[in-house]
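Below: one structure in structure tokens.
Letters A, B, C and D name the chains as they come in the text, with residue numbers starting at 1 for each one.
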Amino acid sequence: MSENRTHAEIPMKAVGPVRITGPVLAEDVRVPLATLERPLWPSVNRGAKVSRACGGIGVIIVDERMSRSLLFEGQTAAEALAVKESLSGRQADVAGVVEASTRFGKFCGLHFQVLGRQLYIRLEMTTGDAAGHNMVTLAADRLASWLACEYPAMSYVSISGNYCVDKKASAVNGILGRGKYAVAEIVIPDGVCASLLKTTPARVVDLNLKKNLLGSILAGSVRSANAHYANMLLAFYLATGQDAANIVEGSQGITTAESLDGALYLAVTIPNLIVGTVGSGKGVAYARENLALLGCTAERPAGENARRLAAICAATVLCGELSLLAAQTNPGELMRAHETFERSANE
Amino acid sequence: MSENRTHAEIPMKAVGPVRITGPVLAEDVRVPLATLERPLWPSVNRGAKVSRACGGIGVIIVDERMSRSLLFEGQTAAEALAVKESLSGRQADVAGVVEASTRFGKFCGLHFQVLGRQLYIRLEMTTGDAAGHNMVTLAADRLASWLACEYPAMSYVSISGNYCVDKKASAVNGILGRGKYAVAEIVIPDGVCASLLKTTPARVVDLNLKKNLLGSILAGSVRSANAHYANMLLAFYLATGQDAANIVEGSQGITTAESLDGALYLAVTIPNLIVGTVGSGKGVAYARENLALLGCTAERPAGENARRLAAICAATVLCGELSLLAAQTNPGELMRAHETFERSANE
Amino acid sequence: MSENRTHAEIPMKAVGPVRITGPVLAEDVRVPLATLERPLWPSVNRGAKVSRACGGIGVIIVDERMSRSLLFEGQTAAEALAVKESLSGRQADVAGVVEASTRFGKFCGLHFQVLGRQLYIRLEMTTGDAAGHNMVTLAADRLASWLACEYPAMSYVSISGNYCVDKKASAVNGILGRGKYAVAEIVIPDGVCASLLKTTPARVVDLNLKKNLLGSILAGSVRSANAHYANMLLAFYLATGQDAANIVEGSQGITTAESLDGALYLAVTIPNLIVGTVGSGKGVAYARENLALLGCTAERPAGENARRLAAICAATVLCGELSLLAAQTNPGELMRAHETFERSANE
Amino acid sequence: MSENRTHAEIPMKAVGPVRITGPVLAEDVRVPLATLERPLWPSVNRGAKVSRACGGIGVIIVDERMSRSLLFEGQTAAEALAVKESLSGRQADVAGVVEASTRFGKFCGLHFQVLGRQLYIRLEMTTGDAAGHNMVTLAADRLASWLACEYPAMSYVSISGNYCVDKKASAVNGILGRGKYAVAEIVIPDGVCASLLKTTPARVVDLNLKKNLLGSILAGSVRSANAHYANMLLAFYLATGQDAANIVEGSQGITTAESLDGALYLAVTIPNLIVGTVGSGKGVAYARENLALLGCTAERPAGENARRLAAICAATVLCGELSLLAAQTNPGELMRAHETFERSANE
């Protein structure tokens, strides 16, 4: 690396505006995307144009939490179970220990797995406007100390037992929750499908069924059934100073599509959107600027800026997903190549 | 986004050198990593120091290929099966169609799934020094045209049926292969474990078992059992101009550890390392420079530069994985917090 | 267990006939089902009646093989890779060793996974009319001996490395194949849907989408998207002397449904139907009788009786799956309870 | 099926006694197993002998519940979310509706998934001594009626949305719980390993790591890492009148093994043991007799007989798992085949 090169300069562009209609926010938002895959910009742009042509994208945040799983073990399974049962009755004590370690975090609860004599303790908490990796790790560390005092018979194994689970594909994060659980949906009249997407609701529904759902099931995917969420998530995370390795969990989302009477209903469900507006990475100049331009640095109650950011991200994922699905329903490029092929075949 | 801001500047630093001992390459390599998570640099650096202190990291490339899954359907399942069986007997014809679309790509084979009357056709090919997304998509497009001519009874559904599978977690990519299938391994004498990693082989083996293997199984992970491959992959992919959304597949790897007599054996197995030294994204200045400094732009037979890059990447992943595992076996920070806690408790 | 009790007497009944229309067989077949869940009989019976009312069920066998995965390890990953590459070039030798151990088995191929320095070798072969567990285990044992002679540097770890994979849910069996890979499909006119199933194609398609596909994806299922294949498989396996523990793999199948013009298309895809007409368990009197009544004990080329049995089983699964899906689209029982509820609420 | 044949007679034998040491029960129990795989009897018997030679098997029941997932949908995702939030605040009302439908069932809670505008509502309850399929289905039906009254804007889709999930492999059942969550463990001194199992702790630990854990991960298994739980579960379920199709979930368990100082620690963790001592199937003569001989028909507080049965089942699974693992560590049969092979090779 040449000595004067201290940064990777990822090309960045603002697309949209994307029309978002609530309940989290209701406005048109231009979205910065940093990516080496330049076709992503026009693709998301097309989805954004559709959002403005048909009343916009509704986004909800179903849930939010960050988690870290401590790992302790007993002499026997019965010992591990006894600690699980004792802790289940001491939620207030645990909340006290956890919340003493943080200004913004709130304790949500513990989830347990007993495996032989090991006890996996998944600590869950809300983390305000931060993605919360450090907050929950610090809280877990304090909790581990407390557990070591309160249950001396148990041995400490690890501050993270991979039941958290961070930056790895899993099923647990979608079921118990990690990050923002966002759903974005849109209703697109037939006319808009035809004019802006060159397709029909029926074709998008059929492709979503056979590609995103059935194809992903055949591939042995777990809780993942979409075309390319990872592309939009990476570009959005890089542009806003997120830890982009969290696209691994983020990519595990599900696209659903239905034909309504005279319209297409399309939704993206993303249970593990791990984003924040403060904390690690948010200090770099370009990220701070982008968060400001997204309206995510205003004075608001703790957590609202992060939920706003997650909602914008989910709407952006919908734009890119919709655009690619529409393109793949269009046999145009195939047919062109087709003719080319036959010509060359006949020469 | 302020108008004059056209790039996301991700902080980048070269770590190492990492000692690699063959068979793909045998030398000490400094590795550029672009990341917002600055602790990653010292962490990988510690692993690199270990690699130099104990004879280095051996890396193999087990396999390489890129895939794209076409989707066609018949009137009946029998029709889909007939096409599968016909194609199985026409490998040479298929190879001709595929290889006519590319200068460097070589046809590897087709894999089929019949689902009801749908036929998923996974096209696999080698792609020289390119990651190969575009190469295989073009080949798939040509193949689709040819199939439409040869099997007119079948209807074309999609150029990609998600049995490929691109930027989504799955099981099929690890089983059939997609990208470089790399394994990196190291043998670390007890003394080096103690002096550089402040741990013992037994403690690393125990943590790998209970965290990376058992914890990941409990989490419902699929073919994924490691601590944080995604972190190293993201930083390496960003620094070398890769499509970093491929860390999703890349993150699905497995760490294995064993206690040898007087030493620790540790290996990272990464079946889906999707990297290239040419093609999309490699043109940007910083990426070109980094690829050159990694020695991956030399005149070599097609594919050798990309395999070299993959081997360096796998060794880098091992360095970061080893360092974090060692840190988590060290209850030091826990105990410090522990004392703090008790003090505060006694005040 | 009272001394004179030497058997579990599972109630058994023949249902149907089920109309099967080829290509494997074309006739009406009465199917014995052994189960403690008596509602299964009328349920499958209703599906059978539908099969006779609409031209029957088409069944194909896409593939067949049985597998066993040997596990060896080298000193290094490079050593394991060298053996993989050597074996890939010695298919004829391997076939010779494998086929020397069996009268009916034919070698299909080897599939490899290198994990660190471990080498998992998945041996695949056809097994005639037997399910083939013992045949492939014996062949694997002979192959292990041969490998130990030919590659003395490798250490033998196990005759089965769980990459086989027997009686456990996995993704590999559906992707590489284990047992009979069967697809059964039916086209049901609207009128028959209404008269015999009290439903419409649209309602079955909608339920299959939201329950079998989306619900199973949310549940973190792997290559499994159906309502209750396991029920029919258990009853069929018990009645025909199969090793019923293989319903675990068998249950991993996918139901697909589409609305055609004026009809419902429904298919069950079952990639891992592990059945045989000879071998372990087939000797017991009731099983021998049932196999004879199913026409699966006739003099035929090796494998044809087993394929016939698998086809009948797949058609039976379709009958039960169709019947339950139709019932669940019918809010009748809900509404009845509904009224009851309101009444009781008003008392 | 010959007219006079009304049952499948599955061979049945009592093995053991298995020594169980608490906390659920502490006694030696002979266990009836119904199976066509006769080698299972001596295999479990060997494990039972080990249990008596080393102080027995400890078994805990971590949790118990049965579940059924209703599926409703709104006009929008926001509507679905509103119902989720409303229900979260009406636990007492829901409990009232649920418990009005049953004499023994107790409401545990609801778990939700919002997917687009669909709302999956997983109802969980304890079911006394019954496995509880019918109890929870009836309760779900009553709850559906109540929901239809209370939330008329929502449309009813299905009484079961496959997020339950019944007789299908999944991740959700292990994470949220379904059936009895049992762990059985044993500590076997080196001497007993040598005399009764012809192996050593180190060899069992190594095999469990490379076969049950790593091999299953490679196979794309989900929350399943064992050698053959399904065999013991099938034989035990058939002998005690269970719905044996539930071995699908039951098979998803994890075997753990560790070398202690001078002994082997082995545990089987089975999160989804679905068994009952009353209800469907328990009326048949042989099942009633076996439940009585297992001491599971005594007058006890509701649930205790079923927990006792689950504990005996888990201990039986441990016996069979231990015996097979030990056998596979013993290269004896391999070496015999080995010599045979060389002889035949030299002729």
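One rule holds for everything that comes next: a contact is a pair of C-beta atoms (placed from the backbone, for glycine too) under 8 Å apart; a residue touches a chain by one contact, two chains touch by 3 or more.
Because the structure is predicted, anything quoted here is derived from the model rather than measured.
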Where chain B and chain D overlap in contact partners, by chain label: A, C
C-D against A-C, pair bridged by the larger set of C-beta contacts: C-D
Intercentroid distance (Cα basis), chain D paired with chain A, Å: 33
Centre distance in Å when chain C and chain D are each reduced to the mean of their C-alpha atoms: 21
Interchain centroid distance [CA atoms averaged], chain A/chain C, Å: 36
Per-residue multi-chain contacts in chain C, two or more chains: 113, 115, 118, 171-172, 175, 214, 216, 218, 220, 222-223, 225, 254, 256
Chain B partner contacts - residues on chain A that touch it in the complex: 1-2, 5-14, 30, 32, 34, 36-37, 69, 71, 73, 100, 113, 115, 118, 120, 141-142, 144-146, 148-149, 156-173, 175, 206-207, 210-212, 214-216, 218-222, 224-228, 230-231, 233-234, 238-239, 241, 243-245, 247-248, 251-252, 280-281, 284-287, 289-290, 293, 328-329, 331, 333-334, 337-338, 340-342, 345
Chain A residues within the chain C interface of the complex: 171, 174-175, 209, 213-214, 216-218, 220, 222-223, 225, 254, 256
Chain D-touching residues of chain A, taken from the complex the two chains share: 23, 58, 60, 62, 76-78, 81, 84, 113-118, 171-172, 175-176, 181, 183, 185, 220, 222-223, 254, 256, 265, 267, 269
